[in-house]
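Here chain A shows up in two complexes: once beside chain B, once beside chain C.
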Partner chain A sequence: MNRRNFLRTSGVLAAGIAALAASLSPLRELSDFSSAEEFMQKHYKELTPADMEKVLARISREVEKQYGLRPHVKDYKPMDGVEFVYCLNLTRCIGCRKCVHACVAENNQSRDPEIQYIRVLKMPHGSLDMEKGDHNYSPDMVPEKGFFYMPVQCQQCKNAPCVKVCPTRATWTEPDGITVIDYDWCIGCRYCEAACPYFARRFNWTKPKIPKERLNLNMSYLGNRPRKQGVMEKCHFCIQRTRAGRYPACLEVCPAGARKFGNILDPESEVSYIMRNKRVFIQLKEELGTSPRFFYYFDV
Partner chain B sequence: MIQATKNYVRFLWRCGRIAFVGDWRYYGWMGILSVFVLLGINAYARQFVHGLIVTGMSDQVSWGVYIANFTFLVGVAAAAAMLVIPVYIYDNKELHDLVIFGELLAVAAILMCLAFVTVDLGRPDRFWHLIPILGKFNFPGSMLSWDVIVLNGYLLLNVHICGYLLYCRYQGKKPSKWFYIPFVFVAIGWAVSIHTVTAFLYVGLGGRPFWNSSIVGPRFLASAFTAGPALIILALQIIRRVTAYRISDQALLTLRNIVQVSMLINVFLLFNEVFKEFYTRTSHVASSSYLFFGLHGYHALVPWIWTAIVFNIVAMFILVLPVSRSLKYLNIACVLAIVGIWIEKGMGLVIPGFIPSPLGEMVEYTPTLNETLVCLGIWAFGFLAYTVFLRMSIPILQGTISKANEGAADQCAFGDREELEARGCNQKWRMDAANAAEAQTGEGHSH
Partner chain C sequence: MSERRRAAFLNMNDKKTDLVLAGVALAFLVLGFVFVIDIPGRAVVHPPPIPLVATNFVDPAPTRVSIAEKLKHGADPSDYDCYICHERNKPLKLKLDASGDVIVPSEHKDIVMAHGGHKRNNNCFNCHDENNLDQLQTRDGRQVKLTDLSPLSTPQLCGSCHGPTYRDWEAGVHGRTSGYWNRSMGDISRLSCVSCHNPHSPKFQGREPAPGPHPLHPVAKRPAPEGKAE
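Entry: the complex of A and B
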């Protein structure tokens, strides 16, 4: 190879590398990339208690670094002999959407863009056809005459399509019936979002933004700890509350008493009473065989 | 053993070198493609930093052009097997070498598929979670896990078959049947499986009645076996024009038969779908209504689907009539078929499945500029890869690059104009052509 060839080849090579570097320049803005620790972290089901402690400490550190506040992060385990079920009284729901906002306040969703797990549908009397539902109603006063309101959130299905399709088993059903997500395992393929018949799952399309004064510091690994860009999230029956014997935030805030929650395996619970005594209760899209743990009923 | 490795490395080195050698048309073509690839990389870097919010996707329409292109290209990759069937099952010697071009197209298509799926992931850095044993692989439950296996397996199969046949030709050795015939037959079945599994990704979702239908699988295969060979017909004519490689019209007409039958089946299946949806008119018809006629005032996809249907039907008529024996009309039919099927698979299948949402909400989808640049970048990368594969394989098939002329004899393959003229080579391509013509008429095909 003579000198001219050498110079020409190196020139072309240098230009090529420069062009590639220029095209990759947006990567300079990359801030929140996962640490080596997070990258190598095992699936939730394979973490030993010692591993989990380290993981919780890491999460705590990250939250403190980002928000300047120290959280309390715990891994709540399911209680024995408990299967959670949610009952929603369609006669009582007035469509005020307080549940939607209480959920956001409790579970550290991104506020910009705002992620809401609960979607309330304004339905005309006499039909359960969701195509007739209005998602964007905003009158001065609710409820409006001639309509009823149906809040929809994750149905925690016994036969969950999202669990079936997840290629990495990042989402699964826990022994107490809650379908959970390991946010550090999810690869963000969104197959579960395509599979869910209830529009229950949400994706972090960008880095979540939570104003630090709104941060709920009582966090759980599988529940409301702050999520990162590129992973899925959804209603988890307020796992940090319900596994500690409290009610979900949506139930507590409901002014009409439309929401009922409890352990279906306990014959004395409110939900057991409802299931025994209310004549009509529905599971949404029952024909799909998902077997939801969410029951809508009427006061008859 | 060491000598064998050294020989192989030498072979790879020569292949690699020739990818960078060509005339001004070659450099121009590769230059334009490289520009698009760089633009695509830039757009993807932006997406990697800011997240998928830079695309037009939403929680309601959570898959867009990335997955649409992925679906179309899996079909193209599967269709490469269509070339293999007449050759090995019907023993059509005419098409033997062309099988390699088809399988190289499959490799390029699979690489594009893998790229499209990767850019669609929210956390591509966590891809290792998909590796069995190392990660947590949901096999056999999740159809996506099946897809990972079959796509990578198909890639390896085709790389092996092409690589083995080309290396044997390079060495001047007759390929041993055991090293490729069984793989070829596996590849035929495997090709059908990659597209069936991809179809099952959609079919298996009970919450999406537009997809949850038995016709999706057969329709996928019919449209893939129309668009794939159509692409190969066009690619072979370009190869014929730009290199001295001889490809007979008979080969193209055999492929035309495949496209003909597949297109007839494709249009028939479309007719079946339309009848089932619009005659019964259950509430599951919402997505089809949105696609063909618009729904509740939203009609963004209507012009697209009707264009696709018109293209497909016109292509079908051209293909069925004897006028398509003339290459001019055949090419028109191929272009119409490819574009029509690309629209159908992308905008006609993936997007309407999300509209209306499972709760009846109407949210439409339009890809953003950033998203489009990423797509163009990946397509350009695919074309780049296929061009490089051809640039490497054609001289080997023609005998211009072989073990026999290793070392001193690469006279007319490399070097700039002055050096070549000093050695008595005129234009690189003309020299290749002369050598190839001699090799082909002299010894004939030996297989």
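Entry: the complex of A and C
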């Protein structure tokens, strides 16, 4: 090879490598590479109790590294003889959106960009069509005359479209009725977001930003542990509370007592009382056959 | 293969090719440089940062603080002793205006009477006992102490007229039931009627809502009228 050819070839090579580096330069912004341990982790359903201990310890370490606070991460198992159902009284809801923010605080959702599992729709009297709802209302006072308010969150469908379309089985329905997501198994394809008719699913477009002072340290593997960029999340009926026997955060904050939650298989529960005695609807796109576990009702 | 035959095969042994290749290589290098140090700047519009929500919107405290709650938290019981001003054993009489509505005495001017539509229940002594001001009276003759601390007694007063609501309240369906849905794992806490409803103006008060959802990207401006550039 002579000098000219050498120089020419090396020039072309350098240009080619420079072009490749330039085209890959956006990857410099990806800082959140998963550890080898996380990458090789098995699906939730395949984890042995010993594996789960290691996973929970890893999560605890990562949260402590990122936020400087030690969380309490647990894997809550479903209880026998329990099927959760949520009932919401549309006569009582005043549209204050406290449930939205209580959920955000309990479940460590990103504040900026904002993720909120619950969306409250301002509906005109006479229609239960979600398309007529307005979610951007901001009057001085709620409730406004001529409207009722309908909070929508994951309906935990018996026949969930999101579960059907997930290519990796990262989302599935648990025996107590909750549709859960294994955040370490989700690849972020967003098929479930497209399949859900209720806009229940949220995607982490960027790394979630949670202020340290508002971090909820009582975490669960399938529930409110901090997520990473590129995974889906949604309402999971506050799995860290409800599988410990408590009411979800949205119910605990509602000033009007519009939200009711419990075990439908227990005839003494509030939700059983409501199903027996109230005008209950499984509306919200009932015709799609999703069979939600979320029931809206009216009092009078 | 020999150098000459290779070059002839590739038709690359002339000066013009050299120049073109050098030009292309230079162009790529320049372009690569431009992208790496981001001369044009990313076309990302950052929306204004979203402020944290005010803490009152995540506070589970009930709407009102009832007298019973105030006493539980250390209020002075003599604030609620009617006989500091009123005489014992002297039954009170209501003053009514020309249309038959009750006139609230100026000493109690903080009380706004709005119980029931069309002022149906604006008679003080439908609930208060005119003979014994420490008590409230139900429709069926039972007494409830005004300062009773238990959330189980006030509902008996209100429930003596509002039957279906009382039935729902007893089932845990009217008003909030907090705590454990699984009663074997923990306790629940119930609220009395007056923790949410002002007994003189019971209609549940409206309030300011929390802010609505913030969009991921700034909402596009509407096109300006009359063909002006956006």
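Quick notes on this one:
In this text, the second predicted complex is superposed on the first by the 281 of 300 C-alpha atoms of A that agree within 3 Å, B and C clash if a C-alpha of one lies under 4 Å from a C-alpha of the other, contacts with A are read in each partner's own complex, and residues count from 1 in each chain.
Please note the rule applied: contacts are C-beta pairs under 8 Å (C-beta built on N, C-alpha and C of every residue); 3 or more make two chains touch, one makes a residue touch a chain.
Quantities reported herein were computed from a predicted structural model and do not represent experimental measurements.
In the overlay built on the shared chain, the residue A:113 is in contact with chain B and with chain C. Contact with both chain B and chain C is seen for A:135 once the two complexes are overlaid on the shared chain. In the superposition on chain A, contact is made by A:270 with chain C only, not with chain B. Of the two partner chains, both chain B and chain C are touched by A:23. Of the two partner chains, chain B is the only one touched by A:186; chain C is not. By the touch criterion defined above, A:217 reaches neither chain B nor chain C.
Legend: residue contacts after superposition of the two complexes on their common chain; A:121 is shown touching chain B, with no touch to chain C. Of the two partner chains placed around the shared chain by superposition, chain B and chain C are both touched by A:205. Judged by the touch definition given at the top, the superposed model places A:39 against chain B, while chain C stays out of reach. On chain A, the surface patch touched by chain B in one complex and by chain C in the other comprises residues 5, 19, 22-23, 25, 113, 119, 135, 205.
Listed in rising order, the residues of chain C touching chain A in the complex are 3, 18, 21-22, 24-26, 28-29, 31-36, 38, 49-50, 52-53, 57-60, 62-63, 168, 171-182, 184-186, 196, 204, 206-214, 216. Interface residues of chain B, counted against chain A in their complex, comprise 34, 38-39, 41-42, 45-46, 48-53, 57-60, 62-63, 120-127, 129-130, 135-138, 141-145, 148, 201, 204-208, 283, 286, 353-354, 356-361, 416. Interface residues of chain A, counted against chain B in their complex, comprise 5, 19-20, 22-27, 29-30, 33-34, 39, 43, 113, 119, 121, 129-133, 135, 152, 161, 164-170, 185-191, 193-199, 201-207, 229-232, 285, 288-290.
Chain A contributes residues 1-2, 4-5, 8, 11-12, 14-16, 18-19, 21-23, 25, 79, 94-98, 100-102, 104-105, 111-114, 116, 119, 135-143, 205, 211, 214, 242, 244-247, 251-257, 260-263, 269-270, 273-274, 278, 299 to its touches with chain C in the complex.
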